[in-house]
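Chain nomenclature is as follows: A, B, C and D, assigned in order of appearance, with residue numbering initiated at 1 for each chain independently.
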Amino acid sequence: MKKKQFEGIFPYLVSPLNSKSNDRKNVLERLVNHLIHAGIHGLTLFGSTGEFPYLNQKQKEEILETVIRINQNRIPIIAGVSHFSTSEAVYQAKKFEALGVDGILAAINVYFPINTEGIYRYFEAIACNVNCPVIIYHNPKFSNMDFSLDLIERLAEVPNIEYIKYASANTGKVFSIINRCNGKLKVFSATANIPLLILMLGGVGWMAGPACIIPKQSVQLFELAKQKKWDEAIELQKKLWEINSLFQKYGLAACIKAGLEIQGFPVGDPIPPQKTLTVSEREEVANALKSISW
Amino acid sequence: MKKKQFEGIFPYLVSPLNSKSNDRKNVLERLVNHLIHAGIHGLTLFGSTGEFPYLNQKQKEEILETVIRINQNRIPIIAGVSHFSTSEAVYQAKKFEALGVDGILAAINVYFPINTEGIYRYFEAIACNVNCPVIIYHNPKFSNMDFSLDLIERLAEVPNIEYIKYASANTGKVFSIINRCNGKLKVFSATANIPLLILMLGGVGWMAGPACIIPKQSVQLFELAKQKKWDEAIELQKKLWEINSLFQKYGLAACIKAGLEIQGFPVGDPIPPQKTLTVSEREEVANALKSISW
Amino acid sequence: MKKKQFEGIFPYLVSPLNSKSNDRKNVLERLVNHLIHAGIHGLTLFGSTGEFPYLNQKQKEEILETVIRINQNRIPIIAGVSHFSTSEAVYQAKKFEALGVDGILAAINVYFPINTEGIYRYFEAIACNVNCPVIIYHNPKFSNMDFSLDLIERLAEVPNIEYIKYASANTGKVFSIINRCNGKLKVFSATANIPLLILMLGGVGWMAGPACIIPKQSVQLFELAKQKKWDEAIELQKKLWEINSLFQKYGLAACIKAGLEIQGFPVGDPIPPQKTLTVSEREEVANALKSISW
Amino acid sequence: MKKKQFEGIFPYLVSPLNSKSNDRKNVLERLVNHLIHAGIHGLTLFGSTGEFPYLNQKQKEEILETVIRINQNRIPIIAGVSHFSTSEAVYQAKKFEALGVDGILAAINVYFPINTEGIYRYFEAIACNVNCPVIIYHNPKFSNMDFSLDLIERLAEVPNIEYIKYASANTGKVFSIINRCNGKLKVFSATANIPLLILMLGGVGWMAGPACIIPKQSVQLFELAKQKKWDEAIELQKKLWEINSLFQKYGLAACIKAGLEIQGFPVGDPIPPQKTLTVSEREEVANALKSISW
């Protein structure tokens, strides 16, 4: 079986766990179909927006099975894997692959400081235990640790490790990764990056939570970039960036879930102890969404 | 049933998961008996030294059941509970209480930033769902967040929350907690504190990993403090502090596990991706242990 | 007298204080002429590359007087002003204006934490005491403090404050500043930014140390951006970024000074206690420079 | 001439620069006499409480000359020296010695990161250029950098470097310094430490801003510690710690200056852009002072 190539807009799917609607699989079904109709190129489960640290394994498997069933192979499905322990992360990855994912997004949780060799071994263990492409996902802020270019280049040599998503606002670091690992590691833009700039510098797509609520606009941004219509693209990016900034203001999952509820998808509250948006915060999200709808 | 009072030396027990000896319950049995014979006043499972973030729930339950069976009610057993999600933490706490623990050490994992109200609710939910005493455990370094004195005082009012272990090298903060929550919250010294000083300021004991390898000396320090023999106590603390500093140098769990192997307890390596000590680092630990044995 | 407009490539000039050549004014003269002949659009003294914190007021005045004399009004000269105390910063700004600068680059040193109002008043005091344009210069890393968009917008309303240089690798923040302060505050790219991207997003130029050693290439990058030749520009930016990254590796002033010495300008060592480059580090800089010369 | 030994309570003197009273030398005279009558063992100028980063060299010299004149050799006078540049710091130290100080408190300002060798050379240069005792003063928080025990031990070998003040709340680090540099480096407690504990562990005194407003109580604490009356000492320390915590709440210099004004010494506002205390903050300081006066 040929591996799928990942390119374009891959929203991080929310995890509608606490939905009050009592029909959370129904919400998931409508949301996934809505996103696919909007033209997105893939879906990533259990990223930050998917609240991966707050879910247990059983909850993750239920959501994944539902999404795979709804998708019916229309677009690639990627699932996030992350733990403090190597063996737990490997277990998750194997389980998700057995359930039918097309790719694994691999992150590491850090408690005691880990040295470079430990990080390398952790990701290598995941990649060696699956047959699908692996996307390295690193967020320096959450783990209080940066990955060096040398480490990233070494990881790029590991079979199956084919992509990276470097969740940092430091665009220069992403540019350096693209330059250094050219051809060996494809780069996805993160929520904290300006996706258009990453596409200009050679990135292959945008993997981010906000794409859940602005799927059409995100796809259009990607199309404009592919066609090198830079002036139009910058104008669109400018509008989308304001939305993006707003979503980072009140907690990512809380904002995306509120935005989806406003759009008619009762996905429920963020998982406690995360805070639900107040009425006025929710209104701010609603107004921002109105300003860019078309 | 009357609740037990916690006071004195409570080593954080290691989690002998990867023991090469194939008889890890046997190691655990010998180690627990050894510590009790050395005079310790209680045992705490699933702290940092117990590598709690690296274990899954099934592994924790197995270790806890073994320890409770060996202990035969000789000393109080406390189990650590921690998660990103409130409901998962509550689940752990209820499960551990059902298995027979005498107290819950409650910590919070942080991914998205949580506000004060969210933190309060998290700990309140744990305390409301058990009948045993709860010890708040906070490590500002690991969660990139400090608890204010106002929050701590509010937590002290919650039924069952009776102790706090503030894992910070900032002795002044611990002193302020003692002064502010006098009578409502008893304070245990952490590994990063100088336990003798916390005892002088009004603390009730020391809850820390290094006590696993220097149990007799730790108990003696506590006794000297109780008898207000300060000069002798300072001399002993001086020696013990050197050991303590060494254990913080190479990763806490890695050092304690190496120290126990040197002392004849094959508890195995730290859970990957944590790094095992090198031969020369292990020698450094061995030499330090020799210098304080008696 | 009409105020000058600042646009384009403004190298941060090094401060050749410790030159072994005994003719440091001669070096400065040759360097300034060389940069002007390479086409740069302005010169900024006493930025990070100019080692402003390491100089005393007398040294700064000597360097400034020399540069103004050599320049003979060919390009705008900007001088950096920074202190912990408002009155000292105002003193510097007035003195530099009296000596003939065309603009003031205003930064703040932080010891005790300062609130938003204090920061606003500091910059307002500088701007009110000069008649030339003021460029706000903020480096969040060095002062352990970020400026909010609200503060920046408020500063943009102060007469004379016309530009900002936000020395952060966070391109998204710079984009937000451009969007929010559109028309009221023009933005210069910093060393840590990818200047081409800032120009694409609406920035007016690049103010950075590395432009001292790659002046022609920097000017060409700016010209390509002005002509919207994005594909060519990205190719050039890619090469220049590698140089830029290298310069950040060993301490900015140390690298730029070493690079200039290699290019025939004996500007001397960085001011102690900063470290001079080793022979092998210097070779790395030399090789990098060879790879982009034309 | 025999060098003086430093031991006991050394308040950091405020710098009454902005006094509205128009007779700031007069205030200084009254304050210095008041402190000496209260029994303090020495005075340190140009620490954090002395607002050293906000003063220029001329202002420092004026204050120092006044204090030396008033003191008439009754107690040792120490002056703080700090700069980004080695040569500027050496200049200050030589100048202050020429004016008659008994010791130099040497700190380093950090802009570009400095390696261990650079830090060593900086302090060595200061110590080699004076004949009086030098006290290393390091505040890890302000300079974003910790000094290793190896570096501190190496500094302890430099002639004239005889004391250290490690301004960190990390009491364990101070204990390690005392243990490692025993006999070669004497340790003063800082504002962030609990001075009584440092004295118990072997420290020689307390060098801190709050001692300006509670001089008698501070001296009494020192006397109780000398006499090993630990129980009484802890009771007193408890009260003083509350004051100390309050002073750290609103900015150290601002609080100490407000406290002195309340006590009848119109030393003026903190130097802008530092914020003056509000009426209600000032009241909080006044109430705290009332509660411990005797």
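Quick notes on this structure:
In the analysis below, contacts are C-beta pairs under 8 Å (C-beta built on N, C-alpha and C of every residue); 3 or more make two chains touch, one makes a residue touch a chain.
A quick note: this is a predicted structure, and the numbers were derived from the prediction, not measured.
Shared contacts of chain A and chain C, meaning chains that touch the two of them, come down to nothing at all.
With contact taken as defined at the outset, there is no chain that touches chain C as well as chain D. Interface of chain A with chain B: the two copies contact each other largely through the same residue positions, with over half of all numbers used appearing on both sides.
Distance between Cα centroids is largest for the pairing of chain D with A. Remark: chain A and chain D have CA centroids separated by 51 Å (rounded to whole angstrom). If each chain is reduced to the centroid of its CA atoms, chain B and chain D end up 37 Å from each other. If you check each pair of chains against the touch rule, the ones that pass are A-B, A-C, B-D, C-D. If you check the complex, the residues on chain C that touch chain D are 48, 53-56, 84-88, 108-109, 111-115, 117-119, 121-122, 142, 144, 251-254, 270-275. Per the touch definition, chain D reaches chain B in the complex via residues 169-173, 175-176, 179, 192-194, 197, 200-201, 228, 230-231, 234, 238, 241-242, 244-245.
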